[in-house]
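In what follows, chain A forms one complex with chain B and a second complex with chain C.
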Partner chain A sequence: MTRVGAAATATRLRLPALGIGLGATVVLLFAVSLAVGSAPVLLAEAVADLLAGRDSLAALVLVEIRLPRALLAVMIGASLGLTGAAMQGLLRNPLAEPGIVGVSGCAALGAVVVFYSGLAALVPFALPLGGIAGALGAVALLYALAGPGAGTLTLILAGVALNALAAALTALALNLSPNPYATLEIVFWLMGSLADRSLAHVWLALPLMLAGWALVVTAGRPLDALSLGEDTARSLGFNLDRVRLQLVLGTALAVGSAVAVAGAIGFVGLVVPHLLRPLVGHQPSRLLGLSALGGAAITLAADIAVRLAGGPELKLGVLTALIGAPFFLALVLRMRHEAAT
Partner chain B sequence: MRRGLAALATLAALAVTTPVVAASEGPRRIVSLNLCADQLVLRLADRDRIAAVTWLARDPELSIMAEAARTVPITRGGGEHVVSLAPDLVVAGVHTTRITVGFLKRLGYRVLDLDLPVTLDAVRAQIRLVAEALGRPVCGEALIAEMDRSLAAIPAGRVGARANVAVWQPNGFTVGTDTLIDTVIRAAGLDNFAARRGIAHYARLDLETLILGRPDFLVVNRADEGPAALATEMLRHRAIDAAIAATRRIVVPTRLWVCGGPETAEAIALLAAATADGPRRSP
Partner chain C sequence: MTLAAEGVVVRYGAHRVLDGVSIAAEPGVLLGLIGPNGAGKSTLLRVLAGIERPTAGRVTLDGAALETIPGAVRARRIAYLAQGSTVHWPLTVERLVALGRLPHRSRFGAETETDRAAIGRALAKTETAALRDRPVSSLSGGERMRALIARALVVDAAILLADEPVAGLDPYHQLQLLELLRTRADAGGAIVVVLHDLTLASRFCDRLALLDAGTRVASGAPDAVLSVANLARVYRISALTGTHDGTPYIVPVHRARDGGVRAGGGDGA
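Let's turn to the complex of A and B:
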């Protein structure tokens, strides 16, 4: 009893420190992201021009090219971290993550259909709404196929099938579209990238993404109860159907808008909650906010790395998969080991 | 079963009959496997001697002969299809459909490989080469004369210093030295932004480099947005709108300078006229 109490106290003390530390890391990486680029723009000079209201080219590069990139990295990373933690709680499955289980893939499909049909140019917010529709379909399908208690294997297999189907339909949609570049652009939708995005993409994604965050974050306490089992959660007075709907909708809104402007970036939602969980104790509500910060930090760092790597710029999802996939394999191995002992 | 055998027999017959035609008459079943070869074949050969051109020849964005290509059969360049057309001359590009061309050469078909001409003299030489192969040397000379007349009609010696132009194509590609497009830019009395940065052939130009380099003019391939694509979406990035005024954007349709021919003169004239204001005045 005392040991548990001491651990809880330690976690309580550690939580603010962890939040501040992660927040500071995000701010630092955000500044680095603004300073990094192919052209020799001095950050200090550009900021000075901006503050003085001078329309210099350096200020233009900073505001119109680098700022949207850094903002999108934060927004998308936070969405992926947050929804990764939420899905792991909702499905009570440590391997759940938007990318692995096919939510990002289906969001990309929805966005692709809307974008290449020309609908995105005609109807405001059609692009993120297309991504959200795809994500919503995927989450609903996953919940039906591999809801709580279905086991890790079922969830992963459902994810494999969804990912394969989404990738195939994405390729089909691109093949049928009337422009000659479409088949080359499949890599963007499947691997994700923040290259050459503009402030227009930030404004496109932000409103619906914020709504998604709000839905997920306010489901923190019921998620805590849910981690003790459905019966317990119900006996504590939570309406489980409403909680599930809230989380499914929130995840779809956040992931759908993220994928619609940057393609599917995998593994962020897997790695971040896993790294943070041992530090905050197994309480989903605490994990949510920290995972959002952690996701933002990791995505910013990865997007800085692809720009520093040289050569033709790597897709962001390539880098996150290079780090995330071995991590995923290690998790599988550990789970197998735990199951054996 | 009998129908299948008959079809097989026809195919076999097609494969072994590589028609031999007297050189003076010229080839009678011409197949073109390359967009630029299409343009020359459509211009120089008799319509009824063209067995097929590529599907690209019908695209009005890419092909100056799109209208003419509408009444000619098309091919997507598969070896099987080309063989079934029983060509006696295949005109191909040295950089395209190489697998099909290798296959056709092994089977003994006569293939004329066309390189990408870089200079105006190379364009003339290529027109001459294709005209000879088609058995239409006189038509070739007439086409060259047409091009030279258009070139001579371009007003020479413009006022002001040489303006700096950047070609900005889908996916952020630009065109540097050792290309026909560079020749066109220089012939119009202009400076190629990419060439000045040491870029040869086609290469990606970074958005930041373009903005900071601040070219006097931006050359794009179409005025409207075209079908939705990420490749063209980036051409309308807000940073470009802010850095380069809409009045300093020149539209040179791809069909005017993707291949060499009389349209090359049209591209030069268009660029020269559109840049008559000269370079951007320093602020």
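Let's turn to the complex of A and C:
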């Protein structure tokens, strides 16, 4: 008993330390991300040039290539970690992930439609804008299918239906694509990557992500209350229809804009909250901020890894899936084991 | 503070779960809600708690319509203990109980001394203080139920609605819980408790309301409600009834064929 008590006290003391530790990791990985790349650029030299106002190649590479990439890794990783924790809390299911309500599939479809129609080549930023339009369309459809009064199960089913529809239409676009190069381009884009993004992508996604984060982060208390089921959460004074809308809209804004600028990057939103949950005593509200930091750290690390690996650059989404899928399998096995004991 | 349901109807499709039920939770009264499975007890409690809106009829808190009261205010006045003991994450008992203080917390404020004191009291009353750092997933069904009872007590609400709180508790803790509810009612609390144990209901409650198929078929003093005729007609049982050292007991014996109730052994039996 004393031993367990001591462990719980340690958990309480560990919380701030955990936040600081993860924050420091993100800062460190951010710096590494700026230093790593195909062009042989010294970080110190580039920063010195930048501060002196010299338009050197090093400074240019840093600002135009490395910085957007590192910033997007932080923003997208944080969005995936945060919304993954929120969806797992809302649905009270450790296997939920941000894409479960259909937003990422629809955002990808929006981008694919832009590719397919040829708008991507004609209009600047048509691609991310198409992705965002797809994500918002998903929210509208979700609300029509599982609006006020509909339960959590309806929300999940609506998400499954939306994902299936988006996948079918994406396949249709690929099937009907007039030339194989366009098909290849779409397929590569769908794999998810942060290569060749600019600061404009950052500015495009950031306001939507900030709005999404604000909606999700303020739902910590109702998520805690939901640990006791929907009836008890209502009896504690929370309007669950509003909480559901707030979380779905927040997730759509954050994840939709992430997919719109980088394609689909899977498993971060599933794995990160899972790894951190035991460290915060399983409390959903405490998990939100830490999962955002954890998501940023893992995405930065994965994006550094794809650049350091030799050969043709691996797509970021491919790497996260390669690491994430076995983790997911291990998770399922462990849950089965726990259910059996 | 009085919570009253008047002519409440709840309909799911064509099925009437509640068909014009009136009931009131009043200060100082421990009201037992009894009836066979499917009588509508849990639905009535959910309607009283403001979790479910009735199809017809009204629910008022001190005369004001319940749905006009803001959720956070309602949550501080009415504590609700749901049926069953599902907890979705393996929180520690202390963190679980702390959830009952959410209605008292300011929007972004941390836990206050008052919150912590209330948590300590609730843990002590339910004898769960020793379990405070244990994850709920490691508890037995009865221990988990007691932790959930502490969660409902910690709200410190004037009105307490409890749906089968003794389910899964051992006899010692069943008695302890009902004594706790009794003390709370004597101190001015308004309590509605759903019970299946008729001995506990007759012994601890001031009044009973007997529901059957969505209607209130009897209400009043326990011995009047738990009459031979009501047990036979509503519960379809015959029972051994009597008193032991002045304490009434009702032991179900047979499913009713003849609708009879055997006299018990009486005092000292």
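Basically, the second predicted complex is superposed on the first by the 262 of 341 C-alpha atoms of A that agree within 3 Å, B and C clash if a C-alpha of one lies under 4 Å from a C-alpha of the other, contacts with A are read in each partner's own complex, and residues count from 1 in each chain.
Simple rule for what comes next: contacts are C-beta pairs under 8 Å (C-beta built on N, C-alpha and C of every residue); 3 or more make two chains touch, one makes a residue touch a chain.
Every value quoted in this text rests on a predicted model; they were computed, and no experiment measured them.
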First (chain B), second (chain C), both or neither touched by A:282: second
Touched partner set for A:147, first chain B, second chain C, both or neither: neither
Which of chain B and chain C A:92 touches, first, second, both or neither: second
Touched partner set for A:231, first chain B, second chain C, both or neither: second
Touching partner for A:239 - first (chain B), second (chain C), both, neither: second
Which of chain B and chain C A:188 touches, first, second, both or neither: first
First, second, both or neither for A:21, with chain B first and chain C second: neither
Of all residues in chain C, those that touch chain A in their complex: 46, 49-51, 70-76, 78-80, 82, 86-92, 94-96, 99-100, 102-103, 105, 130, 132-135, 148, 151
Sites on chain B touched by chain A in the complex: 170-172, 204, 206-209, 211-212, 214, 225-232, 234, 237-239, 242-243
Parts of chain A lying in touch with chain C, wherever the complex brings them together: 1, 4-5, 7-9, 92, 221, 224-229, 231-232, 234-239, 277, 281-284
Chain A residues within the chain B interface of the complex: 37-41, 57-58, 60-61, 64-65, 115-118, 120-121, 177-179, 181-182, 184-185, 188, 196, 198-200, 312
